[in-house]
Amino acid sequence: MELNGVEIEDTYAEAFPIKIARVLITGATKRWAQVAASEATGFGTSVIMCPAEAGIERFASPSETPDGRPGVYIQICTFGYKALDEQLLERIGQCVLTAPTTAVFNGLPEAEKQFNIGFKLKFFADGTESETEIAGKKVFKIPIMEGDFLAEENIGGISGIAGGNFFIFGDSQMSALTAAEAAVDAIAELEGCITPFPGGIVASGSKSGANKYAFMKATANEKFCPSIKDKVEGTEIPADVNSVYEIVINGIDEESIKKAMKIGIETAVTVPGVKKITAGNYGGKLGKYQFKLHELF
Amino acid sequence: MELNGVEIEDTYAEAFPIKIARVLITGATKRWAQVAASEATGFGTSVIMCPAEAGIERFASPSETPDGRPGVYIQICTFGYKALDEQLLERIGQCVLTAPTTAVFNGLPEAEKQFNIGFKLKFFADGTESETEIAGKKVFKIPIMEGDFLAEENIGGISGIAGGNFFIFGDSQMSALTAAEAAVDAIAELEGCITPFPGGIVASGSKSGANKYAFMKATANEKFCPSIKDKVEGTEIPADVNSVYEIVINGIDEESIKKAMKIGIETAVTVPGVKKITAGNYGGKLGKYQFKLHELF
Amino acid sequence: MELNGVEIEDTYAEAFPIKIARVLITGATKRWAQVAASEATGFGTSVIMCPAEAGIERFASPSETPDGRPGVYIQICTFGYKALDEQLLERIGQCVLTAPTTAVFNGLPEAEKQFNIGFKLKFFADGTESETEIAGKKVFKIPIMEGDFLAEENIGGISGIAGGNFFIFGDSQMSALTAAEAAVDAIAELEGCITPFPGGIVASGSKSGANKYAFMKATANEKFCPSIKDKVEGTEIPADVNSVYEIVINGIDEESIKKAMKIGIETAVTVPGVKKITAGNYGGKLGKYQFKLHELF
Amino acid sequence: MELNGVEIEDTYAEAFPIKIARVLITGATKRWAQVAASEATGFGTSVIMCPAEAGIERFASPSETPDGRPGVYIQICTFGYKALDEQLLERIGQCVLTAPTTAVFNGLPEAEKQFNIGFKLKFFADGTESETEIAGKKVFKIPIMEGDFLAEENIGGISGIAGGNFFIFGDSQMSALTAAEAAVDAIAELEGCITPFPGGIVASGSKSGANKYAFMKATANEKFCPSIKDKVEGTEIPADVNSVYEIVINGIDEESIKKAMKIGIETAVTVPGVKKITAGNYGGKLGKYQFKLHELF
């Protein structure tokens, strides 16, 4: 199968269940909402060694937020609800409560699982807190140095999906990278998914475990490493390919992941120098979700 | 004492020793270096509940970096060297090694304490790594999907200072916030210090412990909370002040903190609506450093 | 009438007919489309002394552009079609054709009036140009140093509206400015309108003509100048107001202007320190359009 | 000659005299200074069809500006002083006076030629203006809606240089473009020069006149167009090159241009996929300055 003259390999992305909380951060301006969101979602690429996977989902227009201000939806993801509860408290308490002009609202009010983060944050007010209502939502008002911080009582979490992905093969590093950036631009417009790696892009996709260093949980996937393609038996890198980037997508459901993979791939193949699109999987042995590339289109 | 018509209170900022590592991240472009630096320093405002305090120190011109590419100096800070070693490995391994086009160099090559982060990262290559030299520095070359990741063998750490600070009192929230942003703009040009909070600014300065909720390690400093000034006995908020922001500064030595406090305050007072500058301390009981505001000028 | 506790004056914005062309610029990434759009719409605040009024309307998702790449819609506005034809050729020829990775498409393909800008740009190819089709559109392919520049044959223009506006009164300069920025954030999401001034904001609203310097076409509207409110008879500035910003909106029809004024005002009044919203008019003597503030809500 | 394994052709950039004015724009924050600077330097790539060539030179620290605020130096360039006078008045009057929080100072106070732009701008105040002094400079205070706009009496201009340049040949378009961006990152740190094209980069370098369309002043330099290299006799594009970008540099003197070309080229060759660096000239027939590439290193 080809798209814009680029081969789409007949394979699938293998993905895993993960717990996801969704938080709406509003600010006096879009920029201040974004400053808080960036801090709150940093150090959040992969749960291999980060305390969470996290990212900005999309901007929210003032017309859709409870307080009528510009906002940003973020997602925070961990392998269990206990860790998620902790990460929510730590990341919102340290990176949003402390950030200029922000307020926090529940990004998944319909979810069965709710974390009472706003309730816990109110203790920071040391007795000066109060309760109020904004657009029908129960909100705590916490006096701080800048004025009042507003936090909705609960933040919802659900069982979502981590590790949706596709790989971009390029004739040069910068072709592949530009295609990756364009794919992330396209995915950034969507509802329900994040690309948690730096700039949304993975430069160093990994395999589970190791061939040589048994103490490593994850190591470079040498079959996808162009600089050693001549030395690796069974390399997956064609002669005319010199760089590969992976886009990793977490999302609240299968539909979100599929939409992101589809528009991401369609946009990536518009960049000159992209040679092939494929995806990462473990032969179906590890993850419960399989996203077949050919079925996206 | 007045500066540009603004009262500078006769007080001091009380600060603490902290361990600081300094890392130079280079990228194909300034923007890619910055993307990695933002991810690597996120979730890093305060060690109260973040695994480290971290921030971007300054940009590095291609003329001064070992590989001749644009770069960014970051600082990562923890209360001990063991935690620093772990944070360096986790943050560089997960947020820089994975980021497009980056390389990592030692930002404190002269320091006595050195962490062999590059040596540890090489195991990701699972046996395909090699050693090379760039500008006289020992560097590991780690084949990854985008090409090769280069990491200098060691990253240096020293005993530095956390919690340099000053407070900006404004007639309105946005006056104080704009002054805070201008102060951060000025400090961002300096060598040796970071402002680890979101956008460099603290909206919710805290006191140690609590009056009411004894289980809390830190709570809002109610004497500096304008929205409750009428209810708090001994409030520090004058009648014409409606908002306060704090700038917190970590730095590698006292000189760095002083320079940052000086230029930060000088720039803050150029913004209309700033009413007073003061600083936060614990009566000298907790921190070993005291930065007297009046001695800065 | 009040909105979020802020007085909305019972007045109207007076606006004028203007000719508007709408151009879709696509790029390899959103960022490159934006770089070209910024250059092409610069020096374009007011036709008083700029060759055109111009601005970025909104981003375009890869899913909606003819070439499947990220894009930006811009508007270019002049008082007549002849000037518009010239400005289109100059701004696209000098600021988009020269910009990395861009292509240009017709943003108003249904308009009766069409300017054959793509046809004219092809002469830059000096005989090496060719014709092609993208998504059913006639496009010229112009070989240039980076590769090929693609330009659709025509760019459409219509008779639109200039000078939709509202004024934000703030207790301090930074309150009013932050409210103005938030309003621009909200308007930036909309279809069909631009805010052509720097950052979308006017710091120095003017009156037609002059009291003292008869040779001036436009001068400061002294009744809205807070720093001289005590000296100006009939000042419109209340005692508690110390700064005013104006948002000027151009749009392709009345509906676009109304939507922008509505969401802009609703967002502005969420910022603390905003005291009043009003609008600018000339008593109905100059412009053919009147947008009554109270009818927006 | 080779640099980092990339051929530097033994040729020279041919450049021309141009008149240059240098303006310091300060703002409440760095960002607001930049917003005004971007608007004021837009539609300013080439005097072929733009009213001026213009660009941001560098940021100015609060410690070096007359009003102690963050600033941006811009340059505006035209072929004569009369046009420069007009462009200064129009661009500062329409794009800086109107921009939030800005002030304007003389960026070339030592120059013999001075334009009394501040004097002219004061008429906008319609009689409410006053004179003051900031850091020993004569400044007009112009009451406007946001507060007061401050403009120094004069802006200096000199005879500088336009058209310093170098060409980056890449194996793919994105290799060449990333190298161009990195070069611009490096040049942006320097004093005295600008890169006036969009993002600092030229995608469509031109030759003077035309082969086929005699009515054109400038057309594509077909010998440097990779997409038609197989059809153009005497093409300068090697078999392994698929894209070329040009960096054009204007500067206040020869030293500025040389420094920019040197660091720009040194940075460009660090990007993988760059195949060759050359420069554009007209055989020495048109411009009075020649910058030999080999003499830069």
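Lettered A, B, C and D in written order, each chain numbered from 1.
Please note the rule applied: a residue touches a chain if its C-beta (ideal position, glycine included) is under 8 Å from a C-beta of that chain, and two chains touch if they have at least 3 such contacts.
Since the model is a prediction, treat every value here as computed from it, not as a measurement.
Asks: Give the chain pair, either C-D or B-C, that is connected by more C-beta contacts.
Replies: Most contacts of the two pairs: C-D.
Asks: Most remote chain relative to subunit B, going by C-alpha centroids?
Replies: Greatest centre separation from subunit B goes to chain C.
Asks: So the centre of each chain is just the mean of its C-alpha atoms; given that, what is the distance between subunit C and subunit D in Å?
Replies: It comes to 25 Å between the two C-alpha centres.
Asks: Could you please state the distance in Å, as a whole number, between where the Cα atoms of subunit A are centred and where those of subunit C are centred?
Replies: 34
Asks: Just the number, please: Cα centre separation of subunit B and subunit C in whole Å.
Replies: 39
Asks: Among the residues of subunit B, which ones contact at least 2 other chains?
Replies: Where subunit B meets two or more other chains at a single residue, that happens at 28, 147, 173-174, 177-178, 242, 271-272.
Asks: Which stretch or stretches of subunit D touch subunit B in the complex?
Replies: Its residues touching subunit B are 4, 28-31, 61-63, 67-70, 147, 178, 181-182, 185-186, 189, 263, 266-267, 270-272.
Asks: Would you tell me which residues of subunit A are touching subunit D in their complex?
Replies: It comes out as residues 170-175, 177-178, 271-273.
Asks: Could you list, by residue number, the parts of subunit A that touch subunit B in their complex?
Replies: Residues 28, 32, 35-36, 38-46, 48-51, 54, 89-91, 93-102, 123-128, 142-149, 167, 173-174, 176-177, 180, 197-199, 201-206, 210-213, 215-216, 218-222, 224-228, 231-232, 242-246 of subunit A touch subunit B in their complex.
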